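Before anything else, here is the set of structures, which you'll find just below.
What follows is chain A paired twice: with chain B in the first complex and chain C in the second.
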Partner chain A sequence: MSEQQLFKVTIDNITIEVPAGTTILNAARQIGGDVTPPAMCYYSKLEGSGGKCRTCLVEVSKGSEKDPRPMPKLIASCRTTVMDGMEVKNITSEKVIDARAGVVEFLLLNHPLDCPICDQAGECHLQDLSYDHGKEGTRYEFERRTFKKHDIGPYIQLHMTRCILCYRCVYTADQLSKQRSHGVLDRGDHSQIATFIEKSLDNEFIGNVIDVCPVGALTDKTFRFKNRVWFLKPMDAHRDCPTCSGKVTLWNRGDEVYRVTARKDKWGEVEDWICNTCRFETKNASDWVIEGPREIDRHSVIAQGHYQGSVGMHTPTETFAAVNAGRAPHLLMDIHSVSEVNKDSSL
Partner chain B sequence: MGVKLLLAKAHVEGIRGFDVYRREGGYQSVEKALKQMSPDSITEEVKKSGLRGRGGAGFPAGMKWSFIAKPEGVPRHLVCNADESEPGTFKDRYLMEFIPHLLIEGLIVSSFALNSNDTYIYIRGEYAWIVDILEDAINEAKANGFLGKNILGTGFDCEIHVHRGAGAYICGEETALIESLEGKRGNPRIKPPFPAIQGVWQRPTMVNNVETLASVVPIINMGGEEYAKIGVGKSTGTKLISACGNINKPGVYEIDMTISVEEFIYSDEYCGGIANGKKLKACIPGGSSVPILPANLLLKTAKGETRYMNYESLSDGGFASGSMMGSGGFIVLDEDQCIVRNTLSLARFYRHESCGQCSPCREGTGWMEKILHNIEYGKGKISDIDLLWDIQRKIEGNTICPLGDAAAWPVAAAIRHFRDEFEWHVNNPLEAQEKNYGLAHYADPIHVPVTA
Partner chain C sequence: MQALTNRAQEVSRKPMTFMERLYIPGILKGMAITFSHIFKKQPTIRYPEQKREFSPVFRGLHVLNRDEEGRERCTACGLCAVACPAEAITMEAAEREVGQENLYREEKYAAKYEINMLRCIFCGLCEEACPKDAIYLSETFAPANFTRTGFIYGKDHLLIPNPVTEPEAYAAAKGQRN
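This part shows the complex of A and B:
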């Protein structure tokens, strides 16, 4: 094989060169910002994931240099690889905006919207997605679907009503454990994540399904209703763990460890899978070597920040004058001169 | 009397058995193909014949065959799609039930052309009794040396396995069928890669409909060029149509695609007219997922020309004023039928059969059914009609597999052509519970603007 071939791809008028075989979504992630389509089911660490939620649909306005025909339908950017000279429209395409708003509406159709009592609130991808791409109201006037409660063990809480059927947890169990004991049962709008006969999920790494779940369908029972995520301070920490890398994020309040999760990158994806012992059983601050505050980027209200500078928001340094070539803001209308409000009425 | 290629011998006594089938000229194409032809020349004949996939999409079969990858040392498979579950379509059932050897014969020739040593028939679970018929036919063919090792001394080995589905419409989609054949949940795969490159067990796989594979037999017997002379334009050969609904003679008919829709419905040779002397209101010409047409657009195109029973003519005018040949499930509705109710039952079907993998189809099909249910039972609002239109628009084209489109098209077409009937339902909720909208103006001649 010769050196890796580079393909030129243009996404929303920004051109980038990526290795052959890269998906459109990953190319867009290299550009970053608003150009990146949202992804609810795709997970770069899970083989075979993606293509299901349809939020990452994009328009291909030019197939490639060799075959410039546009693709007839919108395509799932997470599962389509780039071609040389491909031109992709994401937020510059009205069709995409329209279709994506439709997908968001579909995803929220049967979602209970119980964010106020949901542990995922604040780090929920569906919340982010609906803020970014959804409409303010729903046109759905029917009862939302519910499911029979299904207990899957002492560590993991399953809320099937919140599930968007991204299949990530199924792939996680498939690829991390030797024996997958849960999956998708039934078909269509009544399909559900469950074990066929009620049983607990039992595997050293099964806790990772909580981290991959984009919504509050799978949450940590040891953290249930204990705190809101945005009140906690995320800290990078590690320990010598015989089963996993031991590299985690601790979610503290004061010195108390409320929960342990894997470290997630800026796309909300786990960096290193962690074991159940680290996640559920190791909640003393003394068990961990704390490295420092966790950088929470882009994702969710947690970035509102509790430490100036290192986590979350940076105070913007540029002032209006700085970005306006030194000119002070031009006053369009001086309210004092046109309004009688401040005049002394006795005059 | 049109040409009959597939069903010509269907009424011969005992044709289901090997001996009678062989006496009537069966298995000649196997002898011809295996002894005198090369796999590539068979594919070439199929290409020349212009045979189009009979499962619904109408893609040229020979071209599809030429796409199959031929990596060194990897087995290839032919899979016969007998998961015929489209409401209104029952042509493959008839074919397999009455002349099973025709399918087996076509499968052997096609397996040879594609070099498939293990060929599968994926049959829907509800066709339980046909499985026995097919297996008997396979055993008979094997006993007579047409299947198994070293067929007719040519050195070609082929086994045919019958695999039963478990009752899912979605498994008729070729990649869902492949998943199901592998023993997994029948979810459609994301394409590419296409099955011709990576299909069953990651091997190159060709999935074809029962009727398509059976049509290979006359193509080999008479030659591709002769076959292409039957029919008209790109609609070559004969097509099985399963006619049902309010007609005098429902059943499976073989047509050569040159007759008009009007002739097909009213002639005594075919449907025999509308039952009980009623009038024609609407028709779904190609199985439940294709757009429904009102009587006036069914018999004449928007340009005022006669509509014929073939791929091009049925789709003349696009979706605005045309429909599709689809899988040949010809459903006729008379003046007493309610389009809203018909659309509701189709929407219920697609909701039930959606696999639930991708969100627009999973959520959208259920939503459409609920709204249609409201309209049908007198609780609808005028805004619901526009809402339905918007939902179907957001499902269509945005899903992994064509089931989303198939669910959206019937709703779209019903609103497009029968909007006033929907509005009547909404505006007269009590009356709509007791009587139907009736024929109204749906059979009136359409004004054709004169063009210079």
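This part shows the complex of A and C:
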């Protein structure tokens, strides 16, 4: 075909023309805004991703111009290509909203909900998804699945309990590296991502599995429990890197670089893969050329942190001795002799 | 001009009468008022020997809570700090080591936890934000101090006594609240 065929598709009463072969999700992303279905497993930069999580389900109320019958079931928009004259309902369909709430409930069945501990909190797609589309409570009364702790190297922390089995990390490991050392073992409820051999992943780009992980199952071990993301200030920065593009986001507090991640676009997908050296080993502010602050959605919790400067309380300077000829103040009352409530338990 | 209240009185500019110039009746009247107060109920109390009762909704100094087994509840999630409108709370997290399970409830705990009582406005938003029931506002207030560093309360000041090893101190610290 010399000329690319354009298909007309209507999503939530907004009509757009897209090339044939585009998926409904990508057509909706071209429109943008609320019309776009959420996606937990689909990743435009990873071949073969999608179709696992079912959060992008949409209703097709008219199949195409030639065959106007509606599709009998809700379909996964990340894996279904558009047809000419197709009409899709996303947020205008009661069925979709109800199904999505159900999918969120399913995803959270075995999720430990340890957000106060998890380093991903604040930038977690599952957190956003459940707040936007989920129900308030859970009906699950049984024990959640647990796994033995699995060490996958000095840089990456694996929390299998938080995994929603989106396969993004598996595709990343497959497609960025030549050898396959990372995959999914077992089936159903027991399935888990793991290294096939008890060896750490030593690919130069393997750190990107942290960025593609929509939940906190794969997190940066060098950043583990160091700080919360919303107290850090994201800055665009770059450096001359021989292996990757060197374009990253620095997460600073004061002058200290806490974490280095790839730059993410508005769908939460990385713009450029970055190498392990940039991500884990270059944490001096002097190594980077800072371009400016990164734009963060103002509804995000990351935009809510107001604390400036380095971590720890700024110690105020005392003026008493200076104005009293060097005489230190005579303390009359000690909190521990007065208050029962805040008694120092270490005494 | 119309007065806003009916309590306003015009200042009298008239010269004093003879009785007023004597001053004695005025002094006697004043002394009578003073002495009559001896027999009235005292509005003041003898602090610090006597203390007033706090209102059940009083919000005073913060307490870092422990669970029934005496483990610290705080996991340093940072929600109190982000909720704090006065930016008074900072913390540093650390990972629980093997063998510290009886000290800390969760995998992560607050290695440092500081509240600047000079910044704090005792609004109680930290208490509301806490997902782990770890921080409470108690029934005491911050005492005066000469140094500003003395108002930065660390974990050693804030942590409630252990209910297992020091049940009396814990009960006293818990106060009237549950």
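By definition in this document, the second predicted complex is superposed on the first by the 297 of 347 C-alpha atoms of A that agree within 3 Å, B and C clash if a C-alpha of one lies under 4 Å from a C-alpha of the other, contacts with A are read in each partner's own complex, and residues count from 1 in each chain.
Rule of thumb we're sticking to: contacts are C-beta pairs under 8 Å (C-beta built on N, C-alpha and C of every residue); 3 or more make two chains touch, one makes a residue touch a chain.
Every value quoted in this text rests on a predicted model; they were computed, and no experiment measured them.
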item	value
Which of chain B and chain C A:I164 touches, first, second, both or neither	first
Which of chain B and chain C A:Y131 touches, first, second, both or neither	neither
Partner chain in contact with A:D189 - chain B first, chain C second, else both or neither	first
First, second, both or neither for A:K226, with chain B first and chain C second	second
Residues of chain A at both interfaces, chain B in one complex, chain C in the other	none
Touching residues on chain A, where the partner in the complex is chain C	114-117, 121, 224-228, 230-231, 301, 304-307, 311-313, 315-316, 318, 320, 329-331, 333, 335, 338-346
Of chain C, residues touching chain A in the complex	48, 60-61, 63, 75-79, 81-82, 87, 90, 92-95, 106-108, 112, 114, 116, 131-132, 138-140, 142-150, 152-153, 156-162, 166, 169, 172-173, 175
Residues on chain A engaged by chain B in the complex (per definition of touch)	50-54, 57, 73-74, 76, 79, 98-99, 102-103, 105-107, 109-110, 139-140, 142, 164-165, 167, 183-184, 186-191
Interfacial residue positions of chain B with respect to chain A in the complex	168, 170, 185, 190, 351-360, 362-367, 370, 387, 393-394, 397-400
